[in-house]
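Next up is a structure, given as structure tokens.
Chain IDs A, B, C and D follow the sequence of writing; residue 1 opens each chain.
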Amino acid sequence: MKKEVSNLLVTKNIALNHDNFLIELKADSPVEQILPGQFVNVKVEKSPNTFLRRPFSVHDTYPSTNSFSILVKAVGDGTEALSVIKEGQRLDVVFPLGNGFKLPSKGESILLIGGGVGIAPIMHLARISKEKGADVHILLGARTLNDHILIDEFKRYGTVHLTTDDGSLGTKGFVTNHPVIDGKIRFNRYQCCGPDPMMQAVARKAKQNETECEVSLENMMACGFGVCLCCVTKTNEGNKCVCTEGPVFNINNLEWQI
Amino acid sequence: MKKEVSNLLVTKNIALNHDNFLIELKADSPVEQILPGQFVNVKVEKSPNTFLRRPFSVHDTYPSTNSFSILVKAVGDGTEALSVIKEGQRLDVVFPLGNGFKLPSKGESILLIGGGVGIAPIMHLARISKEKGADVHILLGARTLNDHILIDEFKRYGTVHLTTDDGSLGTKGFVTNHPVIDGKIRFNRYQCCGPDPMMQAVARKAKQNETECEVSLENMMACGFGVCLCCVTKTNEGNKCVCTEGPVFNINNLEWQI
Amino acid sequence: MADLSVKIDKLALKNPVMTASGTFGNGVEFDDFFNVDELGGIILKGTTLNHREGNDYPRMAETPSGMLNAVGLQNKGVDYFCEHIYPKVKGYNTNVIVNVNGSTIEEYIALTERINELTNVDAIELNISCPNVKQGGMAFGTSCPMAEQVTKEVRKVYDKTLIVKLSPNVTNIAEIAKGVENKGADSVSLVNTFLGMAIDAETRKPMLSTVTGGLSGPAIKPIALRMVWQVAQAVKIPVIGIGGIMDATDAIEFILAGASAVQVGTANFVDPNASVKMIKGIEDYLERHNYSNINEITGGLQL
Amino acid sequence: MADLSVKIDKLALKNPVMTASGTFGNGVEFDDFFNVDELGGIILKGTTLNHREGNDYPRMAETPSGMLNAVGLQNKGVDYFCEHIYPKVKGYNTNVIVNVNGSTIEEYIALTERINELTNVDAIELNISCPNVKQGGMAFGTSCPMAEQVTKEVRKVYDKTLIVKLSPNVTNIAEIAKGVENKGADSVSLVNTFLGMAIDAETRKPMLSTVTGGLSGPAIKPIALRMVWQVAQAVKIPVIGIGGIMDATDAIEFILAGASAVQVGTANFVDPNASVKMIKGIEDYLERHNYSNINEITGGLQL
């Protein structure tokens, strides 16, 4: 799909909890072609400390209304300004960006792992994977019960497994402590988005279990479309731009010390 | 009155026409001590191109509610951001600043002249002057009928005379073309706020008519309280800060070529 | 419609808007957004003789109205450029300019000779002002004798238009501009980034892997504009203005200060269409002010 | 509560927060807002031997995340200072420092000698970096030999703490810092403003009566921070960080980069209480990070 800069209409902004916001945007072009794992780069207006755009994964697409959503966690000035955007306002968005996750073949079993706001692209990936006929398992980690969001929505597309750091919901501990990851099912692939330490722990599990593994990186970006070379990660073919050759990487290509 | 930096509650924001907004602010301290002609310096949030505060004359004070108002004309990013501020929001304001107009003695006849958004401080001055027992005449100039605002309010405090550039209301031409200025009444004082060319024309009339004349300047300001020395105007005692030794000056002290 | 065309030495530009090296990739990344041929010229990403991996991540930090970068001239070297990138850009119907970087004079020369072979490269921009490499780079741009020497040597092997890109990290930029003019530069472009730094107070670590990096964006515009004004008064060759140019108004300011053309850098990140929108904006300005030719306002600051 | 006190040569500061010359008037203008005694020190408005009217209006222009000024050292001269201003400020229970300006070495000396007579002035800040005067000013700060010479001569007539304020408009600020250290400076403060310029595209006129002026505010912070870091590594005397410091986080960044104390400038215009709030913010930071003394983080950047 051709990249574009568009002034998109905000059709919804739903506060999921105190710091997570689901923002729906109506595009002019068909959104079927946005791939799970791709991201968008948003200009934040009226936020004096937000000079560059801010990147967000596409959370899901809604082809019937030419819309897609992003899941924004308010962590700083830019995301806070976005969190209060109202239905009817517009956002200047560059999209779609990046490569996207590998899509499963029919009958494959996949484990999609999301931690924190890293669950954002997992929804889109889960839905498309289910449509492709995969056996979809979704493992979500959060700090506490109250940080878990969108569980019912995820359940529509696969079997949901949960962990919390404090044990208030699901298995206590990190996602890698959850039994599903070492359980009966031999997954064809782990696909993961979350904080770096979590993705590295998942990558270690993948090595142990000899399972293919993709991770989605969130390096700091200036442009988002491959011209500034600021967002690089080390790969076995040298520095690669996370914004164009990622954000999704097969862990075999990364130079992670795991 | 001691200067203060306060986070004031916006109790009203009324659009008077497409570009003039009357914003009412509730203070914590009694506002009786704000003098006509004094101004306030407002921090504009969420406006990336507005780094410094923006100065506005006090339009009027409402002692019974500890409130005062400013009249904002939207001319750039900062004033546009202010124009959409909502009741219930807060504004960080430094006030009161500057010296203020000379107040009349009982029985004096004064002509208060406002052009464009320069009418802002004239309301406060008119009300207080009437309270002091002066014979208050108010001469207001604007481009067209539609640019004239608050006429009924001004009428409460004095005899209102109007001019428009295009003759759509009142006398056609500039304020200095209005017959009242050369008419029967020998004014004790002209007091004027508006664009520089208008104030200079008024100053010329004042010289001709041998009438005392005060003008309120709007030099660009960085601090507003006398520490940066950016806002100076030439006087016969050298450069003076408009923010502390003005904004109101007797034209006899200014080095205007008139 | 006003005539926007300008000349930089032998280079004919259909309009004064170019894009700055390192902020426009190789142009092709913008094909999705607009027709790159509409621009006055494009300066490709900084090229070196040999492959360079650049600096470690993190390479950028946002700062008030600007950003720091520490890319460090990541590129695949001139051989790769000639084989893989040149074929993609040589068809552009706009001036294609290569940004040339060396850590020694010999490297600058060798690289220039290679680029000289490429028919459709209309000019080189000699980057003597990169703050993000350990060797060479800014050292050439902050010493007048060194700037002169590299210009002189490169001039010997290059006949097409030679633009020298100046560093703002100097006491007297006009002196260096005059120096390179004397040694044969056809034009000077300025400014490159300012050496800056950012610290994360919470972690107590620098925000860039290299500690210091190059500051760009609107934050630097007032300083860049002053330097362009000073240089334009000091030299006779055309000056290309760079530094925080975000829109047509900014571009006009540089042109009034004496720039014959401008380069759009960081703005490309904030709005991929910034450069092409700027052309339209300049047209509108000229029309509104009743000028028929952009040259009428070049250096037209009213003192 | 953490110990915030720092020493700058003989000067004991109760905390590292001072206010920058030309942005704090004579301190008394802030009496309405807060108790000036709470500050580590105040640097008074730039003083010259003779009365100066300063430059013509307009003297300021807003720029992205910053401002340009062209005040030009307007002040009533040292006699007036001694007679009318000193009596008002000598009672402050904080370090009162006079910012000393000359257009010749003789003027610097004569002025310093006068200030030396004032018992309650604890130090002078030798301003060799004012970009807004035609003679002297920045010329002293952009030439290493001149900076050294003026420092050396003033040192001869002044025994109290001598702070030299450096210009950022140079290729190598660390070299100049070392130079003035060698000639007897007790401390260096940096940076003064960057020479910049703004143009009104609509009127085609400069925004300042003087065409160029001094850039300050957050826009310059990354460059100022880099310079403080470089200078702190080059000299042994205490460094005072200045440039775009708006809040406690900014102050901490300068301290981590090696500044013993900081000066708050343009922030005073945006929020008259900025400096005093900063003290509280630094306290909170130290507490949050379990430090008991500000010195524990001075120069504590983790490389």
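FYI, a residue touches a chain if its C-beta (ideal position, glycine included) is under 8 Å from a C-beta of that chain, and two chains touch if they have at least 3 such contacts.
Model, not experiment: these values are computed from the prediction.
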item	value
Centre-to-centre distance between subunit B and subunit A (centres being mean Cα positions), rounded to whole Å	55
CA centroid of subunit B to CA centroid of subunit D, Å	36
Averaged-CA centre spacing for the pair subunit C and subunit B, given as whole angstrom	48
Residues within subunit B bordering two or more other chains	48
Of all residues in subunit D, the ones touching two or more other chains	63-66, 217-218
Contact graph of the chains (line, ring, star, complete, other)	ring
Interchain contacts (touch definition) - all pairs	A-B, A-C, B-D, C-D
Contact set on subunit D toward subunit B in their complex	22-25, 29-30, 32-33, 45, 53-54, 56-67, 69, 71, 74, 217-218, 266, 268-273
Footprint of subunit D on subunit C - complex, ascending	63-66, 68, 142, 169-172, 194-199, 201, 203-206, 211-212, 215, 217-223, 225-226, 229, 244, 249, 252-253, 256-257, 285, 297, 300-303
Residue numbers on subunit B that touch subunit D, as the complex places them	2-5, 43, 49-53, 92, 94, 219-234, 238-239
Subunit B residues within the subunit A interface of the complex	46-48, 81
